[in-house]
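Chain lettering (A, B, C and D) follows the sequence in which the chains are written, and residue indices restart at 1 in each chain.
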Amino acid sequence: MTNLVYPGAQHTRFSHALGAMHLMQMAVQTLENKGVEITAEEGRANMAAMLLHDIGHGPFSHVLESSIVEGVSHEEISFLLMKGMNEQLGGDLTPTLDVFSGKCKPFLHQLISSQLDTDRMDYLKRDSFFTGVTEGNIANERIIKMLNIANGELVVEAKGIYSVEKFLIARRLMYWQVYMHKTVVAAERMLIRILKRAKTLAMQGEDIFASPALKFFLYNKVNASDFATEEAIRQFTMLDDNDIMTSIKAWMSASDKVLSHLSTAFINRELFHIELSRQPFAPHRLQMVRDAINKKMGIPMELMDYYLLSGQLSSKTYTVGNDRINIMFSPTYICDISEASDIFNIQALGNIDRRFYLCYPKEVDMEM
Amino acid sequence: MTNLVYPGAQHTRFSHALGAMHLMQMAVQTLENKGVEITAEEGRANMAAMLLHDIGHGPFSHVLESSIVEGVSHEEISFLLMKGMNEQLGGDLTPTLDVFSGKCKPFLHQLISSQLDTDRMDYLKRDSFFTGVTEGNIANERIIKMLNIANGELVVEAKGIYSVEKFLIARRLMYWQVYMHKTVVAAERMLIRILKRAKTLAMQGEDIFASPALKFFLYNKVNASDFATEEAIRQFTMLDDNDIMTSIKAWMSASDKVLSHLSTAFINRELFHIELSRQPFAPHRLQMVRDAINKKMGIPMELMDYYLLSGQLSSKTYTVGNDRINIMFSPTYICDISEASDIFNIQALGNIDRRFYLCYPKEVDMEM
Amino acid sequence: MTNLVYPGAQHTRFSHALGAMHLMQMAVQTLENKGVEITAEEGRANMAAMLLHDIGHGPFSHVLESSIVEGVSHEEISFLLMKGMNEQLGGDLTPTLDVFSGKCKPFLHQLISSQLDTDRMDYLKRDSFFTGVTEGNIANERIIKMLNIANGELVVEAKGIYSVEKFLIARRLMYWQVYMHKTVVAAERMLIRILKRAKTLAMQGEDIFASPALKFFLYNKVNASDFATEEAIRQFTMLDDNDIMTSIKAWMSASDKVLSHLSTAFINRELFHIELSRQPFAPHRLQMVRDAINKKMGIPMELMDYYLLSGQLSSKTYTVGNDRINIMFSPTYICDISEASDIFNIQALGNIDRRFYLCYPKEVDMEM
Amino acid sequence: MTNLVYPGAQHTRFSHALGAMHLMQMAVQTLENKGVEITAEEGRANMAAMLLHDIGHGPFSHVLESSIVEGVSHEEISFLLMKGMNEQLGGDLTPTLDVFSGKCKPFLHQLISSQLDTDRMDYLKRDSFFTGVTEGNIANERIIKMLNIANGELVVEAKGIYSVEKFLIARRLMYWQVYMHKTVVAAERMLIRILKRAKTLAMQGEDIFASPALKFFLYNKVNASDFATEEAIRQFTMLDDNDIMTSIKAWMSASDKVLSHLSTAFINRELFHIELSRQPFAPHRLQMVRDAINKKMGIPMELMDYYLLSGQLSSKTYTVGNDRINIMFSPTYICDISEASDIFNIQALGNIDRRFYLCYPKEVDMEM
């Protein structure tokens, strides 16, 4: 929903997958030029891994995981899809699956999944370009040129240290300025409620419009084990943003008041008001808002979860732990970026940066 | 469908409308700074005009006009929509409607609709940015700074002449390299056939899936006069690309073979093969392709129009006529760009540049 | 002197030489990838050719050729310098010298010197970048990717035709908007007069300040044959813009009035007024200006050539002739860009675009 | 000397002064739009301040201050020059001088001189552009749009916090990657020795070539009090990079061996070898290098200071103190960026980041 704030941000996961694969190719070539041994099969496996790494994301991704699908992560779905493709391809994807599960040289796995993987490098630069938030722009190509291997692990050569610092700062900036922009949060939280309402009605046997693929997920309880069926996988791959948007437009004239109300507000960009705070909202404050919604809008208390949306957002700039960004000063002197950098507060870097949100209809004016 | 070739090209008409409005604001300010009298109402009217100028475009625009809607142009629909808004706004849009119909100072109309209007200036630069075809990049801001008025008409000051030359060349380049890229043409022509097939089936009373808004246009004959009804307008504004894509995905499993076949090919990017030529394709060549389609694929001749797609594309770099780009060398010496420029062939500039296309399933290998 | 108009334009011939060499490397690789046979020696020779192609340019280049050095072009000096280097290098530059003189596969010579050589491709893009005249930006990399060889000659594949059109237009735009900008012309013409005056004084035996290298060229008559001496070459390679600027600053307090006057005006950016016209200036007009300079400023008629500067500027967008830009539609159908393009006027393209200038001190206000 | 590493970095202080003035204009307009009262005179004073802020820099700036001029900073010279101009302008520059000395509203002074002034904002972005080190690119315009005033002091609104973090990181990155690049340090240190040697010779009465302005500074002892004379000021304003480079080229054939040796090495880019270390170099190590220089090159010990160059470089990312970057969360809640930011280590931010260098002729191979 970032496009509600940055209208240029209409880019797709497909272009991200192409871009991440391209960066992987650059990374592999760079390492080979430095004498690291990477077989042709390993190179291909890693490139395929980037092309496919997001394949299990449904429409609006995290929204979907929080509404109509239960207890199954996009990673699990990706894995199921790749396994299916692997069978069709007679095992050609086995090395790719192995990279995901870590059955490979450690640095090959780190290239596809770590705090400095080609996934992050691509999406930061791409999102910066399409949103116009130029500050998120990072020096992908320079970081990749600084990659090397020490003791089998991925490291960044010391003169790339400032680029890595800037990468971490850019990621943090994009997180709060783009991904978790308050308008985006409000819209996504409304979208979750819309889909939850549709699912609830469907499970109660109500007849509501949906595209065939969406219908499958509304009228069936779908959890992790269900995804193992061919039908669920087939329907899932047919489902995309178009189904969701088309259905929500149709729901504007649904007979259910909650569904039609939320859908209309969403489509007409009459988004809920949102407050952000570094402290949790006090229970009596939440109650006051609930009361106001009930009184001003006539919403009964049992439907309140559709109108008062609250929760927390959090991000870490850098996780100090096993999956480190290693800086190599010399073949024998390697240390974690949080130690190598003069300016970062090693403690602070690893802290979780939290914000609490409170979101409710604009009709209720409750800002204090 | 340009995104099939340039994956970054996912940008929307909405962002184009915002951009064109922004350029209009710059143009109005530039002219005011040069002493041209523009009232606040006129300035607002022109900005609103750019915000709304494309409002009558349906999903995939020209595709729609060639398939499920008959004999009504997007300009007519825009006009109807604006008229409706004007009533709701108590006449606030009257000055805007006047600019469109030319009841205003001539240059105000030229700013919104001419060969150097802010519409073209925005979309060329925008499409260049999002496709990555950097050569289409034009110097919008410089051209706007060179605008002036002479005898009530829009002119470009003489030192902007090279920028105008480059604008015309960039437009020509974008036309053939992006808008009429052969893959894009093939996909759009297929899309037209898919929608035509769906409409034919619907008019025969077959039951096919469609979103509510699309259903309206499939199951009703909708021509220019029908659009005057409130229902048609309401349904039209609910219709967007999501409806089309969602429905085509559903049609992949339609019982009608033509519809399912074309839809599947379209969604799976198994696009028809396309040939381009500066000469029309000879009738016997078309017949050979038809025969091959019939023989190899078993398509009966009466369905041939869905499988053999041919026609012509054409563009003019510049139209020599009433709507001219005027270059002002001095307040008393003004002439048309086609005369002012030393390098353009005045005759050639006005020529229509034509290409003929022939498009058919890849299963039939008929390239000669 | 372009930096007087575009302050960012401080870039050097050295960076241009590096850039042109880089593009040559790309061109050679592209052709090799298309199966064109280029030996390692040929590739190196062509790269060295681009690195060295401008080595014979003196400070302010064309200015110098018109003032203190007589009848010897920078091409001749380049050749002499390279010959000298070749001796030092034991013949390693022989293949490079052969490419310049055309003793090589024709396309290798065309890559270093033709209407679409890597020299032009580099300087257009570079000058566009540093001046900020973004319209001069060309798609170097795309044009290079479209290069191919047919019958041993360099051609551009047909789908590069719009890029070539844009390249020609961009060159034309840069020519008049940057290289021949009126302020630049005035400054360069003044610079020529300053150096001519210094040379005249030096030849008369006057003692004027100069750096050692500049002194050599002021106090000696230096023509083509003189350059064959080791001393002239040595002094020439020691001479650069610094010598000229340092000396002109010193000349601000020269005892000769003409030299000090012109030098002071030049350094303090009190440039002469300049008029441009597509028609030659009438003799009586020139006489009126001369009279005014004589009367208002007390300049005697015999010094008039230092104060009334007139002449013509000319450019051709494209030269139709032996050195063509060939567009390849198919291996057997190749034609000149002037025929291949639909929009260029073949006659007009080859025309010389002429402007006449008239330049005189601002103290004399004679604009009509 | 940055252009030795980044050949595009030929840009001038003049363009920086124009750019900083432009940013000041934006800053003033932004604050006015937010209701801050700034008189027309104050606005003009601040713009003039940015135009003139670097006027006292001599050629190669810090190099000069360390060699031929003694004990007078460029700030003092700037002040003298502006005072002179102010007299010529009949006091028009008095408000500008007041801004420098702080006799003005505090925020007006902060805009021209603080850790977030328009000086730094311009040079970081400009140097990033011309070097091609894109990571130094900062969001000038966004930071300026976030400026505000609280209690008379300049603050940045809270949502600009990530941009300020990025600004500090970018400055740090540019410092070590560009300004203090080891090749740049080596070249500048050599340049200082060359000028020191020339000065020493001149003070001993040797006759060496120099441009008139440089001659003045070589043959006179010039310290702070001397600058008060009109002659010193006049000569200083005539001195620029051209004088230095022209003279060094002439010194290649000086009779003094040290001067000719260093000058030749400098001009021919045979720069000294440089080692960087976070620890000081041990005295015995320095002695070993000295011995080697003496032995291998025959340099007597009393000239060793021209051949063994050592010292330290240091930078602070942010100075915690009086001149703070204040972040405004609300009109009543304002705090220092080092506290406001979650990730910076307040202690580390203020630390001085030190590197020690050791620089000596390449002929002596002493790396350990």
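The definition used in the following text is that contacts are C-beta pairs under 8 Å (C-beta built on N, C-alpha and C of every residue); 3 or more make two chains touch, one makes a residue touch a chain.
These numbers come from a predicted model, not from an experiment.
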{"item": "Most distant chain from chain A by Cα centroid", "value": "C"}
{"item": "Interchain centroid distance [CA atoms averaged], chain A/chain D, Å", "value": "44"}
{"item": "Separation of mean Cα positions, chain B and chain A [Å, integer]", "value": "34"}
{"item": "Distance from the mean Cα position of chain C to that of chain A, given in whole angstrom", "value": "54"}
{"item": "Multi-partner residues of chain A (each touching 2 or more other chains)", "value": "none"}
{"item": "Chain-level touch network, classified as line, ring, star, complete or other", "value": "ring"}
{"item": "Pairs of chains, among all present, that meet the touch criterion", "value": "A-B, A-D, B-C, C-D"}
{"item": "Chain D-touching residues of chain C, taken from the complex the two chains share", "value": "3, 7-8, 10-12, 14-15, 18, 130, 209, 211-213, 238, 240-243, 245-247, 249-250, 253"}
{"item": "Residues of chain C defined as touching chain B within the complex", "value": "134-135, 137-139, 142, 159, 162-163, 165-166, 169-170, 172-173, 176-177, 317, 342-346, 348-349, 351, 353"}
